[in-house]
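Note that chain A is present in both complexes that follow, paired respectively with chain B and with chain C.
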Partner chain A sequence: MRLTPVLFRLAWRNLWRNHRRTIIMLGAVGVGVWAMIFMTALTRGMVDQMVIDSIGVLPGHVQMHHPDFQDDPSISNRIPFQEAELQERFAGAGFKAWASRVRVPAVISSERESRGVTLLGVDPDAERDISFFDYDAVDGRYLTDASDQGIVIGKKLAETLETGIGKRVVLMSQDPDNDIADRGFRVIGLYAATTKSVEESYAYIGKSTAQQMLNIGDETTEVVFLGDDYRDIEGTYKAVSSVVDASVSVLRWHEIDTYLGTMMRVMDGFVLIWVVVIFMALSFGLVNTLVMAVFERVREIGLMLALGMKPGSILGQILIESMLLLTLGLAAGNALAWATVVPLEDGIDISIVAEGMEMWGASSMLYPKLYASDMILATGVVLLLGFLASLAPAWRASRYKPVEAITKV
Partner chain B sequence: MNKRWILPFILLVSPTLGHGEERDGRAIVKDAIDHWRGQSSYTEMTMVIHRPDWERSMTMRAWTMGDDHSLVRVIEPAKDRGNGTLTDKKSMWSYSPKINRVIKVPSSLMGQSWMGSDFSNKDIARADDIIDEYEHRVLRVEEVDGITVNEIESIPHEDAAVVWGREVLRIRDDHVVLEHSFYDQDGALVKSLKTLEIVEMGGRTIASRQRMSKADKPDEWTEVAVNDVEYEVPLKESLFTLSNLRNPRD
Partner chain C sequence: MSAVRCIDLCKTYRQGEQDIKALDHVSIEIARGEFVCLSAPSGGGKTTLLNAIGGLDIPDSGEVYIDGKRIDQLSKGELADVRLHQIGFVFQAYNLIPVLTAQENVEFVMQVQGVPATERVTKSRAILKEVGLEGLEDRRPAQMSGGQQQRVAVARAIASRPALVLADEPTANLDSKSADELMALFTELNEHHKTTFVIATHDQRVMSYAGRLIRMLDGRIVDDINQRA
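For the complex of A and B:
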């Protein structure tokens, strides 16, 4: 349509006729969009960190258990495959990392205190990529192999038990016959985690040592698989499910930790609501600006109509003006958000409120995360809703009667 | 004997010469436990649990047979009457008539207090672990009131399910345990069981009153006094069963 460039030029010039008002409006849109994206980046970062930490502790994006293990994580619910069979099924399947482990609830006691923990019998070689802490960062040392006789516990747990490296603690659990399985272990290492509750919850011993203590031959209670990215686990999930039958249950991480899965979905909804709420505030300014612009130009619009411009073009002109305003504001807002988030991506220290954050599993460093999808969402929502909001004033402008409009005082 | 061999021979033997009649530490401990318990035994005892602001006492009957079986039943006070504890080689069950349930004491509760006292469930169920799960060494031998007392240090094996750094027992030559102290792994005393009275009863010399107290809380203790004891009584296997724990037939 030949008219479009003309309409664009008209809209552009109209925009800058009252440049002060336009700049103020641009500022409002820019700050609004910045707030949408910046706040989203902060919460995204927080949730991401929580998910990564929690998956690190789970660990494994896909896990295999006895079907009843989720409801009753006891030693009776073991995986009905021997170690050799597991190797045969999974060793060549091309997982980034996988490991079978013994995971049972246990009680750990020192001379003065005792605490319930999750006992993990692990093969340190298989778990190097899965473990949520770096073996070399452990105070003391980490387990050297699956038959290591030592135990590695969290720093906070050691503090609670008033024990330390080189001292002995006693682990008590149950064997498959419901008899007490207990054994003394010497603490060989203390690990640090992002949250204290994690440090208090997990105790690591060698897998073979655990199997011996619990009297379960070479059976395990859990097999964990790591994919490349926790967002994209369907491939891993299918690869695992395809080689096992119904005697075990294969679960994705968001099915194991439903709180986390829900959290992620809530987060997506939250971003949209946040963007819409900010836009609501913005739209009043936007509509007001457009109404003013139309009101100032009633006679001019009347003249254009009288000269033969179609009402549709008037409508288009106002809409284009609104879209130009929003586009400029969005560009400014996105640029501003990018410029403020990127320097902060190394983390914001929020350790002042760390204790409160820990209560829901977040750590004391906040790493804002800028997602292209969030920026696109914000931009899309603003353009779409902006278009809808501009329709009313534009419609009104296009419906003026030329005679009345020209003679309007 | 060639004269050259005499000196090394004396050097080799001399460490044991000083304590000619000294016996192996493990044997002393084992004898003490056997002496206390006999092949089978029936005991009536009173347990006093003392705290700074309250005190209560319980009278109970206990039967033991061999190394593994024991049954304890509360007879007084009335509100606790019938509460019982049964142990066999590895497990422990408790029964409370109020809820009419036998509960197998899970591993998570083995470290907890037994009937509210300063003894843990483990102290009751696994008392003779000390014989095999520890390395015993006679620290010193001394004379107290004309009776030889062996002081034995027992250090748990590396993988023993014991939290203590070491335990020290003072056992008289007539197998009466005078004191049993528990030390943490830094060598500090945590709790100790002391014998307060020794009497002749049931044909044996036994510690008739013993007190367990924590080192850092001297005004909290549990005292067990033996009122009556019989040794080598004929007991039936059926005494140490879950059904008897629930429905006493004695």
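For the complex of A and C:
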């Protein structure tokens, strides 16, 4: 411990002995770290957008259903609570937003085409913070209230059905008695989504209108809850679970959309692999730099050992030198990443490849997202693996025999 | 008690197919405060003997005692401690740490010993003044002449007042004036501080400063002369 100041002094000065080599290595570490964080930010941005879009389309952060609804999302599997009971349990519970819905499979027909869709009976006021699209951005208009008699469909679905605003379509589903429940609606609005598949899949009508059409009183099939952060949903999950019993099931968004949940975990793994792979490339340069530095200083190391410095201190000196080099490179890389990602957080237009991205549920705008946790991950991985990679040359230096090292030509 | 005592030291190096006997049953005893020169032609065994005394090299057989303590059986760490606290070294070349200034080089051993900073600074400045390098404290080795560098090395060797200073060909890279100045410094330190000096050399002028001259040939002591007598 008492040697720490002199070890730092030696390490720091030795680092700048061959400043050209050090600067090149710093550049390599800096660019490598920047690449780690920048790519991670792009990946995170893409995944975030996908998750947020998907959560906005249906799942929210937590959902409540009839226990059989996941396997059979039909009108038979309704939540056994009346609207008043839902209000009593969840109103004022501190959720960012929550809403009850009617969600059933249905067929929509124009005079030319028919398509299977998911019919959503919603209360537009309650869903304002949950919905993935801006009500004001809807062509025509959005639903005004739960009793609105119109229907809002996606632009792509309108195109497929060869219909449009002001035209009539027919919705057909089943009521609880397995009888056909159908009704004509006038198209009042067309919404745009990040992906065409979403625009083609969901049709919105007023919740009360849907309940009337399906003959289910004021019952619903789904209650959706939104917390503050989709990555931290346990609080929301527990808050919902604590006020219901086994007559309903409460699910987290990644349990509902398992594909998305799995994808997010895969992306997390990918980020770690990416960081490690870049470091592997960097480590060759790092180890080479240290090996060269040790080779150039064999006699000095021998001298220090001869004068009574312990091998452990030599090991420490080389490791400190390596850590200083990496710390400087990390500082440069993190600063560069911050400077390049932050200006891009307003979005990068990737519409050229957006067609291909759509199959992943991604939009044509990419919003890089710089998380402190990712910067810490890159920094931690570089320092940890850098330390391990430096052990071999440092160990080698500490094992020199002073009498041989000091006479090394 | 002797400063140095070696009993029946043997050391053999393998060079290609040949075994070279660097030390062949060498026994010597050096009293405290002696000024001894080890003289031998190249390959005669003087550096090997010096390294054995300094704990830098372990003999194949025999015993080495420094201040009455046997050191040839110590571990690497224990040997490092002996070198750090009991022995000062001056080598032929590459004596200094290039990235440290003259003063920092002198302080180095004291710093490893754990001497407090203020005491280190005071001592190192005083010793640099003693060896005639006042004003050069902040120079790095590359900014000093060979003679000045050797003086810094001597200052470092004596900074913590070791009982024994070992010097291996300390004048080999110096011009005659610098060599004479260095030897005068050694003599002065030996006389004033009673530091024991053991110097390996084949320089006749260096030998003339020694009180005792031990001649070696082919790893054996062939002559042991008290030059003061």
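What we mean here is this: the second predicted complex is superposed on the first by the 406 of 409 C-alpha atoms of A that agree within 3 Å, B and C clash if a C-alpha of one lies under 4 Å from a C-alpha of the other, contacts with A are read in each partner's own complex, and residues count from 1 in each chain.
One rule holds for everything that comes next: a contact is a pair of C-beta atoms (placed from the backbone, for glycine too) under 8 Å apart; a residue touches a chain by one contact, two chains touch by 3 or more.
Keep in mind it's a predicted model, so treat the numbers as computed, not measured.
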Fit or clash - chain C, chain B, common chain A: fit
First (chain B), second (chain C), both or neither touched by A:185: first
First, second, both or neither for A:51, with chain B first and chain C second: neither
Contacts of A:172 with chain B and chain C, given as first, second, both or neither: first
Partner chain in contact with A:300 - chain B first, chain C second, else both or neither: second
Partner chain in contact with A:308 - chain B first, chain C second, else both or neither: second
First (chain B), second (chain C), both or neither touched by A:107: first
Contacts of A:149 with chain B and chain C, given as first, second, both or neither: first
Chain B, chain C and vertex chain A (Cα centres) - angle in steps of 10°: 160
Partner chain(s) touched by A:203 [first = chain B, second = chain C, both, neither]: neither
Minimum Cα separation, chain C to chain B, after superposition on A (Å): 84
Common interface positions of chain A, toward chain B and toward chain C: none
Complex contact set, residues of chain B against chain A: 90-91, 104, 106-108, 110-111, 156-165, 182, 184-185, 190
Contact set on chain A toward chain C in their complex: 2-3, 5-6, 9-10, 13-14, 17, 299-300, 303-311, 313, 401-403, 406
Residues of chain A touching chain B in the complex: 105-107, 109-112, 114, 116, 149, 163, 167-174, 178-186
For the chain C and chain A complex, residues of the former touching the latter: 51, 54, 56-57, 76-77, 80-81, 83-85, 89, 91, 94-100, 104, 108-109, 111-114, 156
